[in-house]
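Both of the next two complexes hold subunit A, though its partner changes from subunit B to subunit C.
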Partner chain A sequence: MTNPTQITAEAGRPFVDIVREFDAPIAAVFRAHTDPELFAQWTGPEQLSVDVKVFDAVTGGQWHYVSTDPAGGTYGFRGVFHTVEHEALIIQTFEFDGAPGQVSMSVARFEETPTGTRISTHTVFPSIESRDGMVATGMEHGATESYRRLEALLERDSVHSA
Partner chain B sequence: MALADPVRRAIVARLSLSDATVNELAAPFGITKQAVSRHIQVLESAGLITRSRDAQRRPCHLEPAALETLTEWIDALRLETERRHRRLDAVLTTLQEKHHR
Partner chain C sequence: MTNPTQITAEAGRPFVDIVREFDAPIAAVFRAHTDPELFAQWTGPEQLSVDVKVFDAVTGGQWHYVSTDPAGGTYGFRGVFHTVEHEALIIQTFEFDGAPGQVSMSVARFEETPTGTRISTHTVFPSIESRDGMVATGMEHGATESYRRLEALLERDSVHSA
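Moving on, here comes the complex of A and B:
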């Protein structure tokens, strides 16, 4: 079973809030965010290989990774861990090499729940344009397209069966 | 998100038929004209609707291209976040299996 992801991104405000629960103890969830080998296994856009160059998940530490797409295109991302509180909080900055100066900051809170761990992330972008553009960055472009095709297909089906 | 609110979705749906003034948009809802104006401001700042400056009635106009952009953006975010979380689920499952061995 997959837990739902709650995403709030209001128009006119350069924030994104994401809340998600994981069916694993807080120690494991936090480790997956701070151990570079584990982090590389799940971060980054789909089908892009991730090469973690630097990943020092401590207060004041730096991080840097490079994603490579199947065509050989590379996308570099870097930032600093502003604050890391063990199994509680990670505040970090995020910058895409392709958009220098557009630095976002995210505050991720880790909380134990009866069934596992909840992560609540609040991200602040330098502008609304930056927020909207960041999502498209390094994205597998075909994904949106195929998703839209699927949506169109589902819509058509529901019209037919109505 | 501009379209998270049911009143704003209804306003967008109404404007997809034709341009309308604030009074016309407020009519079907049991809320004040001021409240509708606030919703219109949100939609306007998101670039989803524009208002003509010439006429006194200042009708609202839906920008379909902007709507598509917003939908794509939020869909892309949802899709990528969901995938990322599922990959993390898989990593966590592996971690716990190792732990229990």
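Moving on, here comes the complex of A and C:
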């Protein structure tokens, strides 16, 4: 069973809100967001491989990864972690090297639920046009597919051992 | 003569735009934003003293300072530098410890003009309410006074020597 990914992108606002629940403990869900080896296994579409260059998931740390498509095309992403609160909160910036200077910032809150873990992510963009551009280029599909892959990863035993 | 500080905060949008020109070379204006000793001399209102704890003004660096008012009250501010491009661009996050979790992000562009330097800063807030709160608590006055103090600092010789 796959849980739904709820995505809200109200017209005329530079925000995207995404809510997703996982039938897995908060420790495992949070670890999949802060451990670079786990993160590389679920972020982005299935057909792209992810090479994590830097991933220092602590307050003040940096992150950088490069995705490669089957044709060899590469897509770089980087940012900084403003806040990482263990099993609670990740605030980070995000920049795609194909759109330099269009930096967004996301606030991801992790909460325990009766059946597992809820992640609520609020992303702010520097303009409504920038937000609309991200939505137009498949942010919804990307988020849904990433979370489907994360769900599958969380069903494997390895993620749950420290 | 004091140059005007142009502040735009359109209703219903989570943005604040500030444009300010200085009759000083871009090297000096930029240095006043990246050198912690200079930064402490102009940021914030005149009656508050600024103690810079961390100020690593490079891409991926952190910053943190504490302001103290005449009554001994303290106000902490911190964030990370997403991008620092020499004499061109500073993208950073900003959080006031009196409003934890209300993180904003600003994009400051530095440009040479016929008479000196223009700084254009676009700040995005996590909500319209958060933006309105910052405007209501004196962001306009704070920016105008900070830039007036920066202008005075730039008139002194010491800032212009490397």
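Here is the rule we go by: the second predicted complex is superposed on the first by the 133 of 162 C-alpha atoms of A that agree within 3 Å, B and C clash if a C-alpha of one lies under 4 Å from a C-alpha of the other, contacts with A are read in each partner's own complex, and residues count from 1 in each chain.
Basically, a residue touches a chain if its C-beta (ideal position, glycine included) is under 8 Å from a C-beta of that chain, and two chains touch if they have at least 3 such contacts.
Please read all numbers here as calculations on a predicted model, not as lab measurements.
Look at A:Ala32: by the touch rule set out above, it reaches subunit B but stays clear of subunit C.
Of the two partner chains placed around the shared chain by superposition, subunit B is the only one that A:Phe22 touches, whereas subunit C remains out of contact.
Counting the residues of subunit A touched by each of subunit B and subunit C gives the higher count for B. In the superposed model, A:Gly101 lies in contact with subunit C only, and not with subunit B.
Of the two partner chains, subunit B is the only one touched by A:Thr43; subunit C is not. Of the two partner chains placed by the overlay, only subunit B lies in contact with A:Thr5; subunit C stays clear of it. In the superposition on chain A, A:Val80 contacts subunit C only, with no contact to subunit B.
For subunit B in complex with subunit A, the residues that touch the partner chain are 1-4, 42-43, 45-46, 48, 69-70, 72-93, 95-96, 99.
If you check the complex, the residues on subunit A that touch subunit B are 2-3, 5, 7-12, 16, 18, 20, 22-25, 28-29, 31-32, 38, 41-43, 45-46, 132, 135-136, 139, 143-144, 147-148. Contact residues on subunit C toward subunit A in their complex (touch as defined above): 13-15, 60, 62, 79-83, 89, 91, 93, 95, 101, 103, 105, 107, 122, 124-127.
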